[in-house]
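In what follows, structures are represented as structure tokens.
In what follows, chain A forms one complex with chain B and a second complex with chain C.
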Partner chain A sequence: MAKVKCECGHVNPHGTILCESCGRALTEEAQKEKLHDMRYEGSARRSQTYNKTIIDKIWNFFSSVKVGIWLIVLTLIASSIGTIFPQKLFIPNNVSPETYYEETYGTAGKIYYTLGFHDLYNSIWFIGLIAAIGVSLVICSLDRVIPLYRALKNQRVARHGSFMKKQRLFALKEEKLQPEEIEKVKEKLKSKRYHIREEDGSLLAEKGRFSRWGPYVNHIGLIIFLIGAMLRSSEGMYTDEMLWIREGETLEIPGTQGEFYLKNEKFTIENYDKEKDPEVFKEALERTGGVVKNYQTDAVLYRDENRDLPGAKPKLVKVKEEKIRVNEPLKFDKFALYQDSYSKDEMKAMEFALANKETQKEAGRVKVDLFNPKDTYDLGNGYKVEIVGYYPDYDGIGSDGEPKTKSPLPNNPAFLFKMFSPEHPKGEISFTAIRQTLEPVGETDYKMEFRGIETRNISALTVRKDLTLWILGIGGAIFMIGVIQGAYWNHRRLWIRQIDGEVYVAAHTNKNWHGLKREINSVLEGTAIPVPEDQQG
Partner chain B sequence: MSDLVQWSGNLLYASFIMYLIATFFFGGAIRPKKNGQKQEENRWGKIGITVAVIGFIAQLGYFFTRWAASGHAPVSNLFEFITFFSMMLVGAFIIIYFMYRLPVLGVFALPVALVIIAYASMFPRDISPLIPALQSQWLHIHVTTVAAGEGILAISFIAGLIYLVKTIDQSKRSKQTIWLELIMYSLVAVVGFVAVTTTFTLSGYEAKFEYVNKDGKAAEETFHIPAIVGPNEGKLVTEDKFEPIVDMPAFINAKKLNTTLWSLAAGALLYGLIRLLTRKRMGALVQPLVKNVNTDLMDEVSYRAILIGFPVFTLGGLIFAMIWAQIAWTRFWGWDPKEVWALITWLFYAAFLHLRLSKGWHGEKSAWLAVVGFVIIMFNLIAVNLVIAGLHSYA
Partner chain C sequence: MNKKKKRLIVRSIILAVLALAVGYTFYSNLTKEERHNLRKGDEAPDFVLTDLAGETRQLSDYKGKGVFLNFWGSWCDPCKKEMPHMEKLAKEYKSQGVEVLAVNVGDSELQTKKFAKQYGLTFPIAIDSTKEVQDAYNITPLPATFMISPDGKIEEIVIGGLVKEEQVRTLFDKVKP
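== the complex of A and B ==
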């Protein structure tokens, strides 16, 4: 495409509106403007110049700030819809979402579910919206930043009179300026940290140009952040596993490919104590009841040295011992273990006494490990107990007359015991469950009396590896730098020119006009140079 | 120990009084001068800002004595957080005041701060110990930064509101006057809430209900305000108390809805009285206060406050929030309702900045947006904690 040569001799890219160098209006529209649109310095933006091929059209669509704002607003509305009812993630995990929403929230819940709002943030269209924002960020920025950079780099000190007249702050006065007058103003401008350039009696004072790059810097940060978030779904970057571990257990840590093992020495839940903890909490504790003070897993981390030997048994070497608490994860290698949840007082072992019903005499005690019960327990002197059947999660008698178990976990253990005694060497049968004893094959002389229970806690730890965090961190940091750069600094320029015995003064800022006016007032006060006036509004 | 708590409470009370007094001085400062000139800062304004600064120092005193008493920054429940937010609002006002020297900002900002403090005091005020998730330095860093950001953004609402009060034509009814009245009514409804809660708390009203909760289990709830709406399949246990007119479905928290209804009704009553007595829209009633306001400047203040507040909010509400969420909840982002609403707030102000910078939305449009932004902040501050239960519902 043909370049545009300005009267001043500067060659501008095709599509330029105001000459990069002298600021002359190059298009008819710009010549007619009352005030120049200085947002992008009248530079040649691709989106405003080409509109032929399909690529142009896509480019122009995404480079539009209007489209960008619509994408932001749509994402905003969609996000808020997702908070009307709890997301799938937050509903109890033992119910089916299909029935849950309708049962809990009625028709509105059913509609919510049917439209897929119960899992909104993972829906294709929501992710599509975010992706579109990402594309818009890239194209919007590229479309503007390059021409803007060119325009600011090529700007000349002496701007054309027409350019100056069409600035929002402008003044014109017939006057011949004395050199010392200019010097005085220059000193004042310098003390306000302006960068000053001069060219045959014309002056350009400029500061804070770098704030113009703020928006583009923060967009780069956002793009990096979005890329980081995208990478999370790629293989090996992200691990999200749960480790339920009982006190005393040593388990392989899922996600570490068998390299690391963890032992749970002890799991503690501690509540605040009205007596021991600071007195100021007393009222609150009385009002709300118990408040948890600490969840803690005393853990030992091991590494399997034999991991690389196929078929070899794990050889665990202790790496470290740590207390895992909420807010204090255990970190190792690229992983972190977080205290997430727990289950308290899981039954571990039950103790029974074999006793004669009539004499109440104990023949001996049996302690049954609920995870690994023995087949027989020999109590000596002809007394013996055999476990014929074990139902860890007893759920009544089935239609076939056999006791049923819901799960292999000892939530409600029940036993079918065979009790041997000198009186009954062939054994008597007793079915013993919690608070329930049945004698299915006739009354017995002996019984299994419940004596005690051993429990232990289970700690639930989240195993997390997230290799994208540093990318997100960099993206976030760049975003913050860009936002601060753009928000806390202003790009201010003041032009002073003498044309044919007249003094032209114009000023521009990208924002905070009030501040610019005040600053210019204090600089030009008491000089022969006229203070530029606001031509807008 | 309890001495400190006592002191802390007194200091908060003192700051409340100071803000009230300062409001009147600022009110004096904006009276037109006899010669009809637009005025710069005058003596009334100087006294006003001095009193406001003393009030702010008193509130800082409240904050730090309470911190000393509890061992953690008092930002861990609704009372503490909302109070802290009001302090940040006043702090932001003071900063903006020294930038622009506009007493009229004080006339609007301080009453809003007063209403917010009064609102905060309706929640349980005792010092609660920290649950494990909150035991972190990030509590101080994250929460204080968020509140600071929101406080600054609230100033943009104040400036926007002043702009609207000044520019909306009150000579005839229009869409704008109706919306403006709605804002005024909302502020009055908060006062209504305070009045209702205080009245029934003082009278010691208690009505116990047995009801069936969301999980289909039997539960109990005590209402401290007569129940217009009752809980799901609720049965009034306390004798001689007001029977609810209608029961709510299980997923609605009837107690909170009831309080809301009462507040709205009390607000409507108050608002109606004001309208009846003055025979004016509230917008028209306060309009004389802003007679001398330079609208361009107010527009600029509103925009400036957003420019200052947006980075602070981003840092506190998103970046620090994500860092802490990664430490405490194992993931930096989990679509918890409070997180989502922080994102919504952020997206909204991002849209605002784009509209302003690229689409040239100035003046009235920009002022309305500043109002909407504040509504979103308030929604996140209050409704998300009280209505949409999530990980953040501590109070």
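== the complex of A and C ==
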């Protein structure tokens, strides 16, 4: 590795453009520049000359800002394409995504699915892109922050004349400065909180160097953020489940390994009331008809003391009772239950009357629990109803002549009843569905008359646990500190040097040149030192 | 040490750490969905249910015997088709140390009893009313059959109906002690 020794005697790392110490241009290109590129202080930020091993090649690839920007642009384009068709999460959950995209959106949908756009955040290449951005962030930062730190640490007070001439703010004047003049300027600079270093009549005033580290602090924040996001896919760090729970039901809370159970006491939807609620809502209510004020699940949280095998009866101990509302989750042991969705008026029970067709006389009533129907219902006095068949989601008669049910849910309950009466002690058969009665084995004297229905609501809760949140918080905070550090402070430097009876003045800042000019003007005003002028534009 | 060598080592270490992090991200993301699925060779999750006769059925009590664990529902047509095969072979293999355990998912007791009577089923049937066993085995489509070896390992998983008796017989033979 060839080091570059500057005429001033300082030894620079290979690839250095401007001597770390005196600022002399070390490359031909830099010597030809009208103004020096000061972004990284002319330090050796990339050693592309060392491209021999595969490690160096990978390193140099990710070290390029151009590559980093391309990765970000590709990620943005991919993310926007991902919004064209709905993501997998939002398609109906009873269809297979494999066929859904092609059937709904044609060839474009098929391509969309095949390339993994339908589940973008989980597709390999998208994770790959994000990971590459992370790698690029680390390597780009390391490759720049270390040389920059070195260059700023090694900078000498007396910079070479050629370096000063090629600064954006520069002035040159034939003049012999008096020591008092310098003292006056130093005082003013000090009052503006500059650090001052002097070396045989040359002066360097500097402030706000730490603002140069802003971007790198910001990158550290981003990397921490990415680590947090990475941990989300780890077992036990992140849970996002749904719990559909009927009124009155007690169910195990998914994701809690059987430790917690929840009971839904009641689910309510409350609308704004024209009369009771403030006048301001009146107009909106008249326009839309109804506006929901509150979705609420009255829930009881239990802990299972047994924590026994699946299927075993839990030994429930009440932990707490709470009302879950939108944005007011039930929190317990790192978990939170959020009100997410609902389904109203699921049928729970049906009531029938056993009645004589001719006389219209009721022999008694039968209330059938649709989730747990009984075998027989004894009505006394020789009247009895037996359920021969129960079809909760009746879907017509099958090819085998048997009534069919689509699902186990009571969406369209139908019954095959056997009605016993003193007149018919052997029973009469009646098939009773909603708005339909069949008498498959001959006309009957009795019938099951529909009398009423009992319904209940189902509440849908999101079960959420996120142990990565604090990591994301810290990452975000560091990110913001970096932004503030880089945005609200400037790194300002002023060089004054006397060479052969001439005064050289140069100044540099990483941003806000206007502010620097004003500050220098006020410092140098009324002194023999010339005010540096903007050589650019 | 040569500075060039040192740089190579430093770069290699940093790249290795990054590669490890990226590799882990890939691994954990790609196995996220699979992680909770049971696979051949896994230990069959133990559970305890009460069957229609009121007897407690715990899977681990079947150690030393092969188990044909079947999840079904009365509304599911393929379930109806495989029941007669199961019934026939359950009787045949009982003496050879293979037992059938059927777990109903979603039906009421009435429906399950009527179904068992209609198809003349004699093997134990339990209702998983809380769906805890269904969750433990991560079952969505019905029917699903798990063949469990005498030492409690999952020997075979069949999702979907078993149409032919021969198919069922092969499964029974697999877990014979």
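Throughout what follows, the second predicted complex is superposed on the first by the 493 of 537 C-alpha atoms of A that agree within 3 Å, B and C clash if a C-alpha of one lies under 4 Å from a C-alpha of the other, contacts with A are read in each partner's own complex, and residues count from 1 in each chain.
We adopt the following convention: a residue touches a chain if its C-beta (ideal position, glycine included) is under 8 Å from a C-beta of that chain, and two chains touch if they have at least 3 such contacts.
Quantities reported herein were computed from a predicted structural model and do not represent experimental measurements.
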| item | value |
| --- | --- |
| First (chain B), second (chain C), both or neither touched by A:Q87 | first |
| Touching partner for A:R209 - first (chain B), second (chain C), both, neither | neither |
| Partner touching more residues of chain A, whether chain B or chain C | B |
| Touched partner set for A:R156, first chain B, second chain C, both or neither | neither |
| Touched partner set for A:L469, first chain B, second chain C, both or neither | first |
| Partner chain(s) touched by A:P408 [first = chain B, second = chain C, both, neither] | second |
| First, second, both or neither for A:K323, with chain B first and chain C second | neither |
| Which superposed partner A:T53 touches (first chain B, second chain C, both, neither) | second |
| Contacts of A:I139 with chain B and chain C, given as first, second, both or neither | second |
| Residues on chain C engaged by chain A in the complex (per definition of touch) | 2-4, 7-8, 11-12, 14-15, 18, 21-22, 24-26, 28-30, 32, 35, 45-49, 58, 73-75, 106-111, 113-114, 126, 128, 130, 132-133, 135-136 |
| Chain A residues within the chain C interface of the complex | 1, 47, 50, 53, 55-56, 58-59, 122, 124, 127-128, 131, 134-135, 138-139, 142, 227, 230, 233-235, 251-252, 254, 258, 308-312, 371-375, 387-390, 392-393, 404-408 |
| Chain B residues touching chain A - in the complex, by the definition given at the top | 1-2, 5, 69-71, 100, 124, 126-129, 131-133, 135-136, 214-215, 249-251, 296-297, 300, 303-304, 307-308, 310-311, 314-315, 319, 322, 326-332, 334-335, 337, 340-341, 343-344, 347-348, 350-351, 354-355, 357-359, 384, 388, 390 |
| Chain B-touching residues of chain A, taken from the complex the two chains share | 39, 65-66, 68-69, 72-73, 75-76, 79-80, 82-83, 87, 89-90, 92, 104-106, 121, 215, 240, 272, 277-281, 283-285, 287-288, 291-295, 325-327, 329, 336, 338-340, 462, 464, 466, 469, 472, 476, 479-480, 483-484, 487-488, 511-514, 537 |
